[in-house]
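Letters A, B, C and D mark the chains as written, and numbering starts fresh at 1 in each.
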């Protein structure tokens, strides 16, 4: 029965390891800094997305705050930031544990949201339980209204899948009505949370608007070749091509569409179209391509943001989630300035206050940011917002899209 | 005890065993001879179930056993050794011997199995070494262990595949005594062997194969004097 | 030492592990869940792969099936019943797959098991997108982290007890013999296919349950979340490091590696992958053949004292 | 539609085949299951990207330069990391486990280094994105080039394996590793050579890939798995088999996507692969 002896040794080791790893819990609150923590996918399958949208903006904001001498508190004093960043390795279990660590071991003052729809949903109950506000800037979720009831501290800033679908319809419908488009839609979507939510929202919205969905296919993660799908889309005779795709797919879809001289009157691929690399990757010949998001290129605040992002981080931000994330940090900053480090009060302020951000003056309705660019289009080298069509600073949609060259 | 009818095995285009018939009566010790590549080991593998036959029928102790998996054939009371010693080194020596007991037709495990395993080890000359590792054994002792594993279940029939190959003269004598002891206890044995001394001493009857077919079957002296057999072994020039 | 003492020590150890969550914070609970999860996964993996030496990368296929079952049924059945259903589904898949594949050997099985995990993930994704049109699913089950930990601890106890029971029983002989030489085992009367199938099924059910128990911690699951192939690799590495041939081997591999990974992830988040890679290489070189070989050396030195085990 | 789908499939398969060729050599001759194989491919892609975007050189020049580089790196990796393991292994099973572990570690290491140096965003450049019309399918010239290079390398290697003494030696090691030393072949040298050669081909595959497809620092894992599937289907060490299996997978994916459901293309790949494993574990073309 020698296993028992070894078992005891193992058990002792387990206990020792576990206990030592929890000793030296967070240091006393001597308030020489404000501790901000976050866990995002620095590595793994989500890293490409997180490193394009979330991480650069967290870093940019931290530098901006530092340059300003720290975060201002209600009494006018300033405290520097102390940033604690973890890598969730693109695994939810690691993310959940990192957030627990930030809240309970590091005892940070605020936790910034992770990257991605699923990951934000996965930690929403934790943020709620620990009482941290969650400013989710990279989540497109369905049935968004139920979420803020369930987790009152959660704020969903990138809109719902239904909103994207309706905004797209708002752009398309007038063109269909005046005969510029034939009203047929070919849609492909990635078989992943993002693609499914958006495509199911779109399916409904298209039908309601009387558009004819002549092609509706999903493709799995990891698909590299879209030649057959594009062939079929072209063959369907649809004037409107919509793809709810991920960045790699978006690039491939665009490249292959150009190759095949497939030039539908509306060409709308998914995430990645709004990435800065999209234009140079296509020799700048992206005029008229539509997608999710957009910016008001004429806004001085946005121009300043773009310039600082490029100057400080050495690369341009994407034109969808990046400004939203940066604006969410400004909201957090201003809420802290008004209410201090009391997280409950900060959450309440986020829910009800009005904030001055690079996206203009923002306030949330039912914990959601609804005043947002849902659909954008490449026009003269910028990915500008074209819908909601009644939003200030809106650009007119160019339909039909000009030829690829 | 064992009856083989029209046994045939093809590997792709190669016919390793071609329509072999023979039978072995209870208590008999029969030598299976033939030059290298004549199909002897394949016959052993077909009987023990290691390979399925292409054609033919094998009956053992009144039951048809071709197409049966080896573990079910073993349970009927047919044990074997392998041409190249095969043991299970992650088990202690005694456990190597207990294995077939534990999975016999009437499984024996625990004290009783240990007792019978130790008895079998003693029988083959490995008394008191049950707790050692297989790696501690030299070649002859590994062969002994393999034999202990084969006989511990007290099988009705034993297949020995060149069990005495590679032994020095002293070891060979000991090995022959062991087999003789088994024969005297009434065990039916079919053995493939190249050592003529052992064959003459142990087997009253021999079957000779060449190129997959049976070329002789009869009393050892007669068979070994048969010109066909000599031709098969030594080539035409010597006839 | 007697068998009674062994059992007593095991019970005391289990009680101590069960008491661990008291007095440590919620982050500690999360750590315990992660650790216990890998203890179960590595031990269950080794239950089949250790003695038979089949290197399986199908861990996440079953883990994901468990988690996904919870996601599908969370609103319809009580959690206990869901666990039963998950176990049954895991068993069914394991038997089906096992019957088809256990004659593959060596690296072919490795690749097959990896392909299986991918196939399951692709099929579930396709089904969800094309048939139900919902890929992500919410899991709202009222269960605390500590309760999850206790469930996993119970599963770990069952896994280790099973391993112990197998080692004591005649099945243990068969299992080791199969690992050494299947032909010998067959000719000794062992129904090799049956034994392998049974082990594969038991191991798979345990892994399925581990996935099911943990699923409520994530709130929201998608196939890409629960069928993350890294889980298979980490499990494999932990079990191999500790030594899958021994009852406590996987535990001995899982615990230090888990803490090491955790430490690296929190201390060096930006160099995580590089350090992890170097650690892997270092383990292979500094602990040749894994901790297993060290344990073998101890065993060789102390083989006399083991004789009455 | 049938013809153009076939052409699309063949072109897609060409890339798969090219990447799988190197792995089948590594795995067949050096007997190392190299889980970090795809990282050499990605390293090749990054190398060409640097040449093109930082120095403005032609990707074709990059392709030529990257082969000896991939060879050298793999040759070194074999010598420094894998050779000691081969020498140490007492039986095949241990080497198998050791090499899985160590190359898995190398995979992490390489992905970490790529991320540190290049970031984890999508990288790519634009080159030869001119359509070539082939039997009704419009294919990127870069992609066509991939197919041509795959066939050239595959064919060239096959001829070298059949006709040269060097190739005969390598094949001898692949088919009968235990007898090779008896006829005076240095197994270790052959293994190192094969590992390097495989690395060279992997890097070439990366160079070709970068010509028409954006990539990230962690794409190597997918490539390794796809290559592994093809290697097993084609029969380990079988160059012609890898070429055929790569093309076959490409064609199957194209037809499933076109005729059944794009959501099932990858499922179909794995289903066929599992079927082959069960039906002919030694490969379709053994």
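Going forward, contacts are C-beta pairs under 8 Å (C-beta built on N, C-alpha and C of every residue); 3 or more make two chains touch, one makes a residue touch a chain.
The structure displayed is predicted, hence computed values, not measured ones.
Using the mean of the Cα atoms as each chain's centre, the chain most removed from subunit B is A. Distances from each chain's CA mean to the overall CA mean are smallest for chain C. Set against one another, B-C and C-D show the most C-beta pairs in contact at C-D. Taking each chain's centre as the average of its CA atoms, subunit B and subunit C sit 42 Å apart. Mean C-alpha positions place subunit C and subunit D at a centre distance of 31 Å. Remark: subunit B and subunit D have CA centroids separated by 48 Å (rounded to whole angstrom). Here the CA centre of subunit A is 35 Å from the CA centre of subunit D. The residues of subunit D that reach two or more other chains are 111-112, 115, 261, 263-264, 266-267, listed in rising order. Contact of a single residue of subunit C with at least two other chains is seen at positions 122, 125-126, 129-130, 270, 272-273. The set of touching chain pairs reads A-C, A-D, B-C, C-D, using the touch definition from the header.
Looking at the complex, you find that subunit A touches subunit D at residues 42-45, 47-48, 50-52, 188, 191, 217-220, 222-225, 227-229, 231-232, 235, 247-248, 251-252, 255-256, 258-261, 272, 275, 277, 280-283. By the touch criterion stated above, subunit A contacts subunit C in their complex at residues 1-8, 10-11, 13-15, 17-19, 21-22, 25, 42-45, 85-87, 89-94, 96-98, 100-101, 103-105, 117-118, 121-125, 130, 189, 191-193, 195-197, 200, 218, 220-221. By the touch criterion given at the top, residues 48-50, 69-71, 74-75, 79-80, 82, 86-91, 95, 98-100, 102-105, 107, 109, 131, 133, 149, 153 of subunit B touch subunit C in their complex. Interface residues of subunit C, counted against subunit D in their complex, comprise 53, 55, 100-101, 104, 106-108, 110-112, 114-116, 118-119, 122-123, 125-126, 129-130, 233, 236-237, 240, 270-281, 283-285, 288-290. Residue ranges on subunit D touching subunit A, taken from their complex, read 1, 4-5, 8, 12, 111-112, 115, 119-122, 124-126, 129-131, 137-140, 212-214, 216-218, 222, 253-254, 257-258, 261-267.
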